[in-house]
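Following this line, the structures themselves.
Okay, so chain A shows up in both of these, paired with chain B first and chain C after.
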Partner chain A sequence: MVFPKSPKSSVCSKCHAPAAVFLAYAPTHLCGHHFMEMFEKRFRKTIRELGLIKKNSTVALALSGGKDSTVLLHLLSDLQRSLPFKLVAITIDEGIANYRSKTLIVAKRECKKLRVPLRVVSFKKESGKKLDEILRADKSLLPCSVCGVFRRHLLNKSAKEAGANLLAIGHNLDDMAQTVLMNLMRNEPLRLVRFGEPLADDEKFVPRIRPLMRAPEKEVAIYAMLKGFKVTFTECPYAHSALRQEIRNHLNELEEKYPGTKIRIFNSFVTMDGWMRKGIGNGFAGQKFKRSHCKTCGEPSSAEECAYCGIISKL
Partner chain B sequence: MVFPKSPKSSVCSKCHAPAAVFLAYAPTHLCGHHFMEMFEKRFRKTIRELGLIKKNSTVALALSGGKDSTVLLHLLSDLQRSLPFKLVAITIDEGIANYRSKTLIVAKRECKKLRVPLRVVSFKKESGKKLDEILRADKSLLPCSVCGVFRRHLLNKSAKEAGANLLAIGHNLDDMAQTVLMNLMRNEPLRLVRFGEPLADDEKFVPRIRPLMRAPEKEVAIYAMLKGFKVTFTECPYAHSALRQEIRNHLNELEEKYPGTKIRIFNSFVTMDGWMRKGIGNGFAGQKFKRSHCKTCGEPSSAEECAYCGIISKL
Partner chain C sequence: MYLLLNNMKKKKMSFSGSITSLLGKLHLRREEVVIKVNGKIVPDDSRISGSETVEIIKVIFGG
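On to the complex of A and B.
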């Protein structure tokens, strides 16, 4: 069986072994071995071309235990053989019953296997309350908003504590393309420019890298499967953004009919991002993007008090 | 009956008369009178805020005879009462059997009614062949590509001949939002920046204005209906772009669920366009965007020979 659907009785374009994967956007058939080779090459090329990781960096990986971050853990661990850098993993335990506990097992097991030090940072320990408790206490809070604010804050803080100068995130190509469209549809163009990298340098902000940003989600899943990684595919019980779900479905339909749509959206964004950064840089940098720190916790914040401390103070 | 579907037994938010239209993105109900007032106000605001038409300009309107350009003809004609400018209309007759002949009747009738001078420019007279004949002669040509190249060329040329310094196009909000997404999905970001206005000034290029760019397609249709304009809703018999059709449907679905999506996409684009133009201007203006004219016809062209002359030479 070749995944996804493809012309019948096909063979790998590299070695003529039976094909395991069909890449419609290429279009090409690959056996399992050559698919994994292509996947790993693309990962290393992304790192190299964009200069994502420098020699002797310390990279903190945001490890949820899901397929994307687990695949990224293995790829980064492999990469250490050819590029000397330090790798640590951080798992945020939000305190979501019947969900995080499962992926925490994966995170701990995979880190132990690869001898990557793991820090588990819990909402409960940091703020006194689990996410479940926070949401029960204040029904007006939106789960994904609170969780996003807390996770971003704690990831940045613990990455710094771990001595990291880079924070690696498991975002794949689908996440990137969806985010481009979502920010367009919400009229938040500034977020679009910010999501490449922060517009203002700040020594308290650990820059994020997304080494899987050119890997379609489907391929990350196939890679995890072929490598035999035992990841859980449990979904977070809190409602996902309805808009993201909608856009995900539309994008998948468009990709099916016009293979390569996701990577073209992403490439458009990269080009436009370059122009926009230049335009913004000359326009209002220094005024709008001055460094600013939260008066309560001292972490980077665009307002006087950061969103994290804002929520904490009301708990 | 209120169009589109809306909460029952609703009244106009302005005068409490029975509502005729429900604007989900506002959200507000309007009677026919107040809907038309809103529609016309938005049109004048767009012209004013963006400085689209200056006093004593000569505006050539690309008039197909469909709903968008016919509505624009009436609005521009009305506008002449408060803003002195010259208005002429240009209809391109591509030579498409059982299609253009119908809209030509509308164009002629409405121009006569409003006393707007009309030029009919035909593919046949200009190039010796109707579109139908060109496509029959060379089966490899894509209808929309040939037609687009010819129409753009002839509109620009006849606008100049009519002494116009502006070319008004009936593009509505849906066209704009679709184009933003299409250019993203095709990885043609430069087209995106160009479609606001040309990146290089050229005395041979008549700048285009799109005064309906903030009017949703549905509202243009409702306005035409309420005003009693007798426009035809015939579709061009040549296959429309499959991708545009797809994107149109997705956008309509998203607009239904998240009212205001189209205008937010458009507003994002406007903001990003400003940043990109600044970035490009400082980056490679003067090199990539130097003025260039076709060696055959002398019209603006990014290549040595323009696409129009390229097709003509092969006929």
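On to the complex of A and C.
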């Protein structure tokens, strides 16, 4: 999209103060104050409209110490003033050299500041090996697949141990749109539906909530900067190998040309999600949803043995 | 103007025009960066006259 020629500095559409942000999909200019107000309102609206957090719940936050989960930590901590619920944080230390140690410092510092109890769970302690070691030992493994499987497993397990009935994840709008496209490209409709809400109640599975799902990633970064959160913007050394990276690049190019692309992809998913769930009882696209538990660890799994135990057994 | 890219060394650059053109010149995606002009976050559709210090911070990475 080519913006019309604008003056050197634009003004906020609400108060006429100098603007800090231009929301091309709206389209509107906002100053820092009104941008933060809009961002926080959208967060609370998402929680309220979707009934994500009930009174007296225990929410475990997956806190990496990156911008998204740090912003979510602050927003959830702030929400506790008007909605009584318990908040705990879980940080997974994958064991990625020169990456996780930086964000771990942020996670510990912010939790201490907000008095949120933090539990650090490491791949090394739980499985005997760091991610770097696992990948060095078996070159055929895809970094993001292994990491995702381990993280999901350990987060669910740790959230249960912390007595949580909800697991909050810092996924933003960009993550949501990327995941929708990835699952469509891989023809994995069941995975796409499971990405919404759990298909069936399972006492061993802690339901996930994504309160930032309507917030574009760039806006999360701007919010963190305007609030003065000391987060670091770093890249995972394994990120280049992922299909997600390619989709991210294409989506960002499309968003520039056609503002609102990401939110439209997400809204389409929300609409389709309802239709797809209706089809599941009768078998869906040749795949039938099966609820079971891993024969080795007892965690929820769609197969006899979960992916985590499958990888562990080969280490 | 002075350009500061991802906390690297500040360098002098001759440029005036829109931030969109500047990002295009540097092969950067607008969706992945936040721009500060003279220390303040500015909208992506702002224009630069040539005398400012422009900081480009890449905020979107994988992982």
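Here are some notes:
Going forward, the second predicted complex is superposed on the first by the 293 of 315 C-alpha atoms of A that agree within 3 Å, B and C clash if a C-alpha of one lies under 4 Å from a C-alpha of the other, contacts with A are read in each partner's own complex, and residues count from 1 in each chain.
The rule is short, and it goes like this: a residue touches a chain if its C-beta (ideal position, glycine included) is under 8 Å from a C-beta of that chain, and two chains touch if they have at least 3 such contacts.
Please read all numbers here as calculations on a predicted model, not as lab measurements.
With both structures placed on the common chain, the touch criterion links A:R248 to chain C but leaves chain B unconnected.
In the superposed pair of complexes, A:E188 makes contact with chain B only, with no contact to chain C.
When the shared chain is aligned, no partner comes close enough to touch A:G163: not chain B, not chain C.
When the two structures are aligned on the shared chain, A:P84 is found in touch with neither chain B nor chain C. By the touch criterion defined above, A:G148 lies against neither chain B nor chain C after alignment on the C-alpha atoms of chain A.
When the two structures are aligned on the shared chain, A:E235 is found in touch with chain C, with no touch to chain B.
In the superposition on chain A, contact of A:M225 is made with chain C only, not with chain B. Residues 242, 253 of chain A are contacted both by chain B in one complex and by chain C in the other. Here chain C touches chain A in the complex through residues 18, 20, 29-32, 34, 40-49, 57-63, going by the rule given at the top.
The touching residues of chain B, when paired with chain A in their complex, are 180-181, 183-190, 192-193, 242-243, 246-247, 250, 253-254, 257-258, 261, 264-265, 267-269, 271-272, 274-283. Chain contact summary for the complex, chain A toward chain C: residues 2-3, 5-10, 18-22, 24, 29, 32, 67, 99, 174, 217-218, 221-222, 225-226, 233-240, 242, 244-245, 248-249, 252-253, 255-256.
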